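See the structures that follow.
Across the two complexes that follow, subunit A remains constant while its partner is subunit B and subsequently subunit C.
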Partner chain A sequence: MNIQSRFDDDIAGSFSAAPGPIEQVRYACALGALTSVIAIEGAIPISHCGPGCASKQFHALSGISGYQGGEFHVPSTNIGNKEVIFGGADRLDELIASTLKVMEAELYVVQSGCIPGLVGDDVANVVQSYQRRGVPIVFAETLGYRGTNFTGHETVVRAILDQYVAKQAGPAPRSQKRLVNVWSLLPYQNPFWRGDLTEIRRILEGIGLTVNILFGPASEGLAEWRAIPSAALNLVLSPWLGLATARHLESVYGQPFLHVPAVPIGAQATSAFLRQVAEELDLDSGPVEAFITREERDYYHYLRDFAHFYAGCTSQYQLPSEVNIVGESAYALSLARFFVGDLGLNPGVIVLTENPPEHERETIHRSFRDLAPGIDGEPVFEADGHRAHAVIRAKPRIGELPLLFGSTWEAGVAQEIGAPLVEISYPATDEVVIARSYVGYRGALQLLERTYTTVVRQSTEENPETAAL
Partner chain B sequence: MAINLRTPQAETRDQRLGTITQWQGSARQLAQDSTFTYACGRDCGPGGRRLCELSSPYSQASMCAEQIAVTNATIIKDTVVIQHSPIGCASSQSFTSRYSRDLAARRGWKPEDPKSICTNLSEQDMVFGGVDRLAQTIREAYARHHPRVIFVATSCATGIIGDDVDGTARQLEEEIGIPVVALHCEGFKSRHWSSGWDVIEHGILRRLVPNRPTEKRGDLINVIHLGGPDVFSPLLNPIGLKVNLVMGGNSLERLADLSTAAATVTMCFVLSYLATGLEQEYGVPEIRAPLPYGLDATDAWLRDIARLTQREHLVEAVIAAERERIAPELKRLRGLLAGKRGFVAAGAAFAHGLIADLRELGITVDDAFSFHHDPTTDSGDAEQDSLGHLVQSTGDVPNFTVSPDQHFQAHAAILRAKPDFVICRHSGSMAILAGRMGIPVLPIFYSNDGLGYEGLITIGRAILRVLPRRRFYAQIAEHSRFPYQDWWLNETDPYALSAEAAE
Partner chain C sequence: MSRKPKQIAIYGKGGIGKSTTTSNISAALAEAGYKVMQFGCDPKADSTNTLRGGEYIPSVLDLLAEKRRVDAREAVFKGFAGIYCVEAGGPAPGVGCAGRGIITAVELLKQQRVFEDLDLDFVIYDVLGDVVCGGFAVPVREGIAEHVFTVSSADFMAIYAANNLFRGIEKFSNSGGALLGGIIANSINTDFQREIIEDFADKTSTPIVQFVPRSLTVTQAELSGKTTIEAAPHSEQADVYRALARHIAGHEISKVPTPLSPAELREWSARWAEHVVQMERTERGERARPRVVA
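Now for the complex of A and B:
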């Protein structure tokens, strides 16, 4: 068995061009995908890397961004001088053996960082010796210099699919007509992933589907992963992340996939999305429409009342007219569609920060067309904060009142252009996030609450005389 | 053992001080064995033996020197830090940004994002070398921000592929005309992250502290601290001393003043490399008195400072006034905290200080968890033996565990201790561990909180604030479970897995 899948090489190839120096870092390295493992109930990463690598990735992604928490007591070889000089395979072997003695998990995912890649440890061989003994353990080569936590996520997912899911004993899985696998937001990188995946699960179940959401508190954990081959459809709900996985599953299990680039926000997008999925799976339209009707009734009831504020019942706030976004392409696309298409704002600067693979960029760019009929967004790919901010400053804004969705790094530039800042991307150090969601029907309303609370507070701070009235 | 400033690379503390990260026994034994290991200063009676470090087959993700070095370089104003590394090393920038803004708020500075740039190395650079990217990034950093100093921090990857960082730094320094200071902080090189303090202090000493022999100031005292509010001026101004507060965020001017001061105090001996270096290079005497945790130690510390700066005639009045000032509140706190059991988890000298504070407040401390242990300090002076001093002045700590922030070992140690609360630093894993075990926790982010007379009040009040949170943590403990096997969940010996006993 070739434990190092070709897929890793593909991902690496697509990332090979480093984009130059980066200020105000907005993602982690491939090893950071250990957070994807932590997001799977019952799975534990085993990291083979330097002493600070694993905790730095975890605390950056989870600790300081949204204060998300998560189970972090990750076994690590904490490579020192000795392993750099003499090789670290023996130390990894010792660590795995002791992990099995101390920890309790359904699946162990060994992840290697920069050092074993550079000194040439044969990690695959060490892991294979445990696999031969029936230990549920897989190996994902997540060398830090070879990719980001996005590509690392695909590497980890692929390792679990090929070395764990595909190796399950028993008869070949039977396709279940109403079971779907969802590949969507990157856990931890997007501070709202837990609430969002919960809402995505809820709406898909609402139209009668069974859902493998795979990550987070709404997931049944590894039982869902083992059921992946039985699904009738892979639903890729993101601009590009997950496409490689879906293509792979198509080739292995003959599963079709449906690619919906924008995670839907608001009733218009969500209802359209549900109808698209229903059609793809040939669902009976009766229950689907019944669910949509019920959800829309609630949603538009709240939206009607929000319209009092939006129409200006107290008329003291200057409501934004232009939406600017600095963030990962998934949320950037969804927010742009919602604020332009549903709220009637004009598209401003849209900066996509996650350094997606070159060959996916055209597709991503295309997905920003027709945010509203005839109105296109013009996204810029830029991982460096300094250059991103230059783009924001350079845009002429004649008569526009800008709103900015971004990360903590945007606080300064938001102030410069006079925009309220709503933190939606990594790092979000000034948001405490628990179960909040910004997608689907219910999430959209929370997004409006957060956005316009920010607008009101900023407006109040800037206009002391208004506040004093 | 002199500090060697001729080489750009600081010798690790493993080599210089014999730092260990894994040990357990009683504090008394550890202090005794330490003095045996590094020549007798005092208290080295018969029975001591060379320190023998334990090892564990199981280990969990820890921290590295790079993070300490980079964080503390980044918060020096008017500088840019370049992390010469793959992108992951720089993911801590978000933390540094939050820290920097919080620090600014506490010190009354204008909050702004610290400037740090990652060279963002990829696989090609691993093959062909990354020095061209480094040169490009240094030029870019200068063009963007016009800093007065640029730091270049290495990473495990650049250390292994052998990039000539010093050569590139020198070359670019000539080109752009400002100091470009290399920080050699590859994480794999030291077993303990605190070596990162030595790295940044080494860089400061070598490059940013000019010798100004004609500008000596008798009223200026360098205070080297881990970071946080200035609790020193209120103590030292009354005896006519001005505080030059460095590390934990400062300006280049403050660093440039270091060589002109009358003396240097270090608020945690883990950071004493800089103080010892200042004495060695510029004759600025290093205060060796035990750290000011607890009343008597604070008295002695102030007296030592007064002695070295010729202010003995002023100090007794200050001591008396301070003691009197805090006496009623100290009495109240002692009354409320009497009978409580505390568990201390922090790094070496800082842990020793916290234990002294808690004991001064009337709290029982029989268990401590130290993230590393330095058998000696760079000065080699037995006066700085903070553990020995703790044991002599306040008694033994029967369960003293040294462990580099290992979650599984801390679980066993806390289970054994059954404390009423945990007080900890490096709260990333310790704080939530205690909370998950149903125990109220006081994380100490700003390590100056426990210092001096006021520190007793600050810490005492903070403990009282967290004790009622047991109501919250009890729920969490009841409704969550760590993924350890049952036998480990019940284990109370942190080193039960270790092959060797402490011989």
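Now for the complex of A and C:
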């Protein structure tokens, strides 16, 4: 791939400019996408950047995002003044050679950071010399200043698709009618991605599909990646992330894609989603409906019992009437649909914090229409915490009891408006997350548990006397 | 106790005769008894060649490429009349960041107090003049050079580079950076060339410190790896350089330049270009035809 085609193809065409100085960081830089590589079983990143860049990005994304942890074994060129002046290509070459000696992996992903970008290191040339020797290695120019960990993720995915998946030896992949690739939540950025991807895989398998979930513990790792070209469908389950990838795969393999902006939460959305996928793939409706019936039977059993609490017959609590959300668009949309559409809350302030590319914003905005019949959400794009909180404070709430989904940054403003805070977005330091999921059938029940436990606890803290009765 | 040397930066577009002029100034100052250092700030590292008999010296960055800790004194070489020669050096063409190289080399000498220890009268920086990035502006930033001179011919491209330099100086002038001493008008042999450069100087309220004619003596000296001062000390051209050196030695007050805006510069050069065309037509005996207005 020559440098020009890299410019032409770059999803950085959709790269979003920095929003200027911001208070309270809510995402990482493009190099942070090394967490996406770590999320692929069998792949390791090799970072070509200054001292501390890689580890800071990893710890920021894994630590203060629900204490996810993860395997951080990332060799780095650790470049300094000398490489700035003379270029760091030789140093990278040396590091790759050494890494191959001591670290075993199915795939190596070289990620360059700010410095090599600024001084113009020819990373492509270095990596291509290994590719020519048959080493499974790709490079992704995740220059920190060129975007966020969201756009960096797209860059990494694209690098693996073009330089690894497309280069697999053997006959051209045969399309498998029931195989789908899923492009959904951003690993690590979303504290619940592991559990959520597991649930998404479970429900899709439930209707008879084979699923390349691609990231996390529910994935078969690189075997799934190699099978990407065989899939019958790319499923983009997010408002915008993954769309560029799906469009690319459509142009390369002629694979169609289905864009479902909201990750489904609850039986209504999940069953509708599964039927939509089934229809798209022309699946026999019998087994699909059988799965849905079984899942709904469970779900509504629990929901029926929860209704005793929710309807107030066993509780003395005032329950929230208005849902406010501060977070990345994927979860914000999914939660808004569930709490407005299924639980009947009024939409409050919805702040989308990931600074998505400008040209995707109209699509994102549109996806918040009709959260419930005739009720639209009005999302605000705002990466700055100070301004996001100002919007929350400014909303009149006469007769409303607000509920706030957000990050740890929202603790103060939640208290000001008297809202219970449920942490669902980055950074999340008051949540320890392992396998919990908030999506699909099962995740929705856990989301309800977490939400209303928070509501009840807050009420108890505020009114200890009433609680003692 | 060591004195603070007078630090002067000489900028000019590549190929305009900047290193030749700088080396001759250094040579003339040394000849007059001053202790001089010439500091080449160009990745080509050939500023001081004519002070060293045409020989290249290892640059500060060559040393840095070899070892982690560098004694900057190892990059100082004596040349003609005891002039201390230093080259910043830089990466191979097409890799790395030359600007960062210049910054590092200058900082290294400054940190290790080389200027003070050598008890210099003058440090003359010879800098690649298209101030393309922050690195090449380092000598005009706070605490390095006090006075900047620009070498320019009457070519428009050289004047553009000079104007860019003025913009750089203007930018740093309110944070303690160097100020503009004036223009060294190089390769000026005709009245017409003189008019162009004088007009530019006038429009930017900049003094012209010396007119230096193009001369074969300079070329001959260069080819023998020497400055004109060394190779042809009794030539007229050597006296021109001596006069220039005297001017620079005595120069005390520099000022904030007033560069032309890009639009003004375009307009200015268009006017002169038209003038040139007309002159050539007149020389060829053509009648200047009225311009067709579309």
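One rule holds in what follows: the second predicted complex is superposed on the first by the 455 of 469 C-alpha atoms of A that agree within 3 Å, B and C clash if a C-alpha of one lies under 4 Å from a C-alpha of the other, contacts with A are read in each partner's own complex, and residues count from 1 in each chain.
Here, a contact is a pair of C-beta atoms (placed from the backbone, for glycine too) under 8 Å apart; a residue touches a chain by one contact, two chains touch by 3 or more.
Since the model is a prediction, treat every value here as computed from it, not as a measurement.
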Query raised in the report: So if we stack both complexes on subunit A, do subunit B and subunit C clash, or do they fit?
Result: fit
**Report entry** In the superposition, subunit B vs subunit C on subunit A residues touched
**Finding:** B
Query - subunit B versus subunit C as contact partner of A:G206, first or second or both or neither - result: neither
Query raised in the report: In the superposed arrangement, which partner chain does A:P229 touch: subunit B (first), subunit C (second), both, or neither?
Result: neither
Query raised in the report: Given Cα centres, how many degrees, to the nearest 10, is the angle at subunit A formed with subunit B and subunit C?
Result: 60
Query raised in the report: Does subunit B (first) or subunit C (second) touch A:V102, or do both, or does neither?
Result: first
Query raised in the report: Should A:G242 be classified as contacting the first partner (subunit B), the second (subunit C), both, or neither?
Result: neither
Requested in this report: For A:A89, decide between first (touching subunit B), second (touching subunit C), both and neither.
Outcome: second
Query raised in the report: Now for A:D121: first (subunit B), second (subunit C), both, or neither, which partner does it touch?
Result: second
Query raised in the report: Regarding the shared-chain residue A:G195, is it in contact with subunit B (first), subunit C (second), both, or neither?
Result: neither
Query raised in the report: Should A:P187 be classified as contacting the first partner (subunit B), the second (subunit C), both, or neither?
Result: neither
Query - Partner chain(s) touched by A:P357 [first = subunit B, second = subunit C, both, neither] - result: neither
Query - Superposition-derived minimum Cα distance between subunit C and subunit B (Å) - result: 5
Query raised in the report: If you lay the two complexes on top of each other, which residues of subunit A touch subunit B in one and subunit C in the other?
Result: 81, 83-84, 118-119
Query - Residues of subunit A touching subunit C in the complex - result: 81-87, 89, 118-122
**Report entry** subunit A to subunit B touching residues, read off their complex
**Finding:** 12, 15-25, 27-32, 44, 47, 50-61, 63-65, 69, 71-81, 83-84, 94-95, 97-99, 101-105, 113-115, 117-119, 143-146, 148, 386, 408-409, 411-412, 426-427, 429
Report summary line: Contacts from subunit C onto subunit A in the complex sit at residues 61, 64-65, 90-92, 95-98, 100-101, 104
Report summary line: Given the complex, residues on subunit B that touch subunit A span 56-67, 82, 86-95, 97-98, 112-113, 115-126, 133, 136-137, 140-141, 144, 155-157, 160-161, 187-189, 191, 193, 404, 407-408, 428-429, 432, 482-485, 488, 497
